[in-house]
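Pasting the structures here.
Two complexes follow with subunit A in common, the first pairing it with subunit B and the second with subunit C.
Coming up: the complex of A and B.
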């Protein structure tokens, strides 16, 4: 009985982690971008491009790590377009983000046709003779890949970076007010470009993790709005990298339970069921606003986007 | 005499048509307190922002000792040991005191953990000056005086050779001001060049070694301490006394209270009003004087029904016109000229005609064809009804708002710095219409920082300080500028005049 329960817990845990991993990278990237006062709706496109390019390179080289690297670089390159439009040409951030998304949507649909049905070499799992016999840990390790610990490390690193380092402090300052940061001798535009590109790299990496590691296939529009979900989860995580992990895991857990309920054969509309993860996030968002009533955690310069 | 650390050579700065600094030449020397004195808008801050590299001058050169290529921006200025304390603090309210200090400190190590010894050093000056400030408090929880101390510590931490202070005493209490004066003298004694931008003679008397007087963008005089009497300096600062003829309205013969504030209290970001009671009679002009930032804006917005009152009532002819809760739909019957009319009183994307009709739209009236006439009467240039309001200059925009608010008969007028940014002819025009409203029976509440104008035309003058009316004096000809100034600064007791 206990053994069954531990096994069940382990499968749910690892399913949640794996489902949340691409989202963690994307949400972390968007969090960092928004912390410098820039909103990037193009993150959906950057994920999609990362997934497409990552899968292509993964298939071509047979090396999933090269695929992930290429996906990250593709996302970073696309985010440079957003940076150029917003910071160079002074374009509206919402408009520019949507443009980047649409470009990526069209581009990946076109170039992705050749990828349908292809096989990619997946990342190796973390299972080893050392852990195999151990309850819970054995099951988790056997199904986890390096992408999972990487995602967790990335959030920890980002949280440490913002809270404890000098460049991180500069990022926060630029997000609060580019003007005041400038008066303090910080080159705000340079910081913003850096953060946008870092966000793009992370989103692209997340996309590549999705296609190369999680689904191991390519499908048109396969991100299914995960990038936009990431934009929403940034608000739920109150712009704090440390909260990105639990928030994304919660969303992942809700997604996994939807899949499990469906496969268990309950007669329930799959469309309605599909809204469940968003409902959970909405409840968390509302309750976090009620409980943390004092001063919003939103970087002050983000408000300028809507002015 | 200390060595010359920086030199302005025929520096000019233009913003569009406005010449903010006009061929200014000046030297800044080490170990000396240089006071840059002038009225609001004389170009003092702009001149020093040029030195700090906030923008490049339109013409002329600024030579900084040890930096032949000039200052490219604030980052370069900080590296060259030039620090500036802005009038509007350059602090990030959401971050802690510690983070704000670390941000401005060039030696902040990569790893800024609080256990790091180097990180502790950044707080040592703060501990010396204000041990009561907890470095982990977010800056928005500090008082204005405390914020200024943090701002000063920031500049001291960079081992500045030149420290520029922009109106540092305008927000301080008298005790804090004295402490600052002592501190400025100490800095100069340590060999730092201190530039003190101010419009207060008290600052100059307390610590200036050399005094540069600015008027309308030009440096009109530079003298050493003791070379000129304060009287001479004031004359230089004001220019030759403008003999402005104000069409002072006849005092009302039968003063019936129209606009009445009863025990009004209100609160808004960073400011509160405390228990304000004031009555403006039919045909009466009541001026409100005060140092900027003592609650004038909030007072105006409460009377205009923009900010809700937390206690008390605002009444016009016995009817409540104050706002009780934020969401209420309320249109004020007052003629209201707010400060900064570009942001607060116009829609830049709409035409002049639509802007003039804004209030009629809200009240559901049909607009009539008096637009062109109104534009001409108030001398709005160009008087083209179809032109977008955003294309007007600041002065013309102010005239446009005056036309809307003063162009039709109103029961009461609320004017907030109504002549700011206007030339002399336009100032007279606005006053003429404002007092014509009073003559027609309107109650006029007039917030101004021009004491001479208030003394020339207001029937009574209320002094606001720290959100409360501290004095209400009848302007019977014996009231002086000094007396009002002392009340504004909190240096005179109210009973003294009696």
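Coming up: the complex of A and C.
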């Protein structure tokens, strides 16, 4: 009985983690972008592009790591368009992000047609004779891939980097006021371009993890709003990388519950169940406004986007 | 962040030229003769009565969705929820038709439009209330809510609303004749277009000349000043978000009733997103939305036909829209930059 319970708990834990992993990368990327005072809704398109390119390269080379790398680079490259429009041409950030999303939607549905039904070599699991048979840990390791610890490490690193290093301080200063940062010798535009591209790389990587590691298939528009969920979760995480992990796990848990209810054979409409993760994010977003003051956490230059 | 607020002639011409160049490059990249493709695009969009009817049919939901974005936009709100509101309107409008299909058209059509407006309006009211009461960002809420109502449409037509006669195809029963919006004979130009044009004119008058025009402008410019004049920001947030939603809801039921003839999952080709970008290009001015939505409608209809006759991939319409909007975002800003550089 206890052993069964531990095994069940372990399956849920690792399923939640794996479902949340692509989102963790994307949310982390968007957090960093927003910390310098730029909002990027194009992250949805960058994730989708990362998923498409990552899957293509993964299939072509048979090496999932090359796929993840290619996905990250594709996301980063697309984010340059947002950076160019917003910083180069002074375009509206919301409009630019949506235009980037639209280009990615069209582009991936065009190039993705060739990918439907293709098989990709997934990442190896972390199970080993060393951990096999240990309750909980054995189950978790057997179902985890390197993407999971990478996501956790990336958030820890970003949290440390932003809080403890001098470049991190510069980024935060630019987010509060690019003008004052500039007057104090910080190249604000360069920082912003870097942050947008880092966000794009992470979103693209997250997208590639989604297609190569998590679903292991390609489907048109397969990110299903994960990038936009990420933008919402940044607010819930109060622009703090350290909080990215827990808020993304909530989404992961919601998604896993849906999958479990479906596979348990309950006669629920899969479409109706599909609304659940979005509703969870909405509820979490609203409650974060009820229970916490948001204004103080928001980078000051970001407020100008919505004014 | 400096943005050119107006869209002067030079910027418009340059935008069009850059877009044409990009579109030509896109066709060349597909291995199609670019100039032939561009000219057939124009022919397929405007060449004969059928093409023109298709263009107006595509323009209608884009126009309504753009107005749905522009209404809250006048207060400085960024709503990207037209897609979700469109589906919510389609659900409530269809629900009414399924409830009383045998009513005569004179009664059923107005009731159906009202139900759709209520559905879309409620779907705009929710983010409006959240924004007004709790200061929750309306952009994110509307973006996420889009996915919910799209899924709800699928849940209904795969489930309780599926017509048993449709042999497994996820769709409701065909709308009775009394629930089909009147259209110009032998075309797909229907009542929805008239509603859209009238709304555009009405909203132009309301926002520029009416009793409330100046008050809303003050409130949009500076909330505190507006409130000193006794205007309630919260009231106008909720009101304009709801009205915007109602307009998108009408777009939804118009697609269902006049174009598809039944509720099914594919009622919108991303009209909500297109509408957002059209509204943004028009700087939320209803009368400017009219020509831009006609142009984008022509682009969508033309690429649809091109896909059929020239074997251009289906995604071309979306890619070209994306290119159009990216160009329109880039050109005015770059032009302004170049002017400052030259004048230095």
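What to note about this one:
What we mean here is this: the second predicted complex is superposed on the first by the 303 of 307 C-alpha atoms of A that agree within 3 Å, B and C clash if a C-alpha of one lies under 4 Å from a C-alpha of the other, contacts with A are read in each partner's own complex, and residues count from 1 in each chain.
Keep in mind that, in the parts below, a contact is a pair of C-beta atoms (placed from the backbone, for glycine too) under 8 Å apart; a residue touches a chain by one contact, two chains touch by 3 or more.
Because the structure is predicted, anything quoted here is derived from the model rather than measured.
By the touch criterion defined above, A:85 lies against subunit C but remains apart from subunit B after alignment on the C-alpha atoms of chain A.
Once the two complexes are laid over each other on the shared chain, residue contacts for A:166 go to subunit B alone; subunit C is not touched.
Of the two partner chains placed by superposition, only subunit C is touched by A:102; subunit B is not.
Once the two complexes are laid over each other on the shared chain, residue contacts for A:224 go to subunit C alone; subunit B is not touched. In the superposed model, A:2 makes contact with neither subunit B nor subunit C. Of the two partner chains, subunit C is the only one touched by A:290; subunit B is not. Of the two partner chains, subunit C is the only one that A:278 touches; subunit B does not reach it.
With both structures placed on the common chain, the touch criterion links A:263 to neither subunit B nor subunit C.
Residue by residue along subunit A, subunit B and subunit C are tallied for touches, and C comes out ahead.
Residues 54, 73-75, 77-79, 84, 86, 90-95, 99, 102-104, 106, 108-113, 140 of subunit B are the ones that touch subunit A when the two sit in their complex.
For subunit A in complex with subunit C, the residues that touch the partner chain are 41, 81, 84-86, 88-96, 98-107, 109-110, 113, 224-225, 228-229, 231-232, 235, 269, 271-272, 274-275, 278-279, 281-282, 285-286, 289-290, 294, 304-307. Across the complex, subunit A meets subunit B through its residues 164-167, 169-170, 172-173, 176-177, 180-187, 295, 299-300.
Every residue of subunit C that touches subunit A in the complex is listed here, in rising order: 1-4, 76, 78, 80, 130, 134-137, 139-141, 143-148, 151-152, 154-155, 158-159, 270, 273, 276-277, 280, 313-323, 325-326, 329-334, 336-337.
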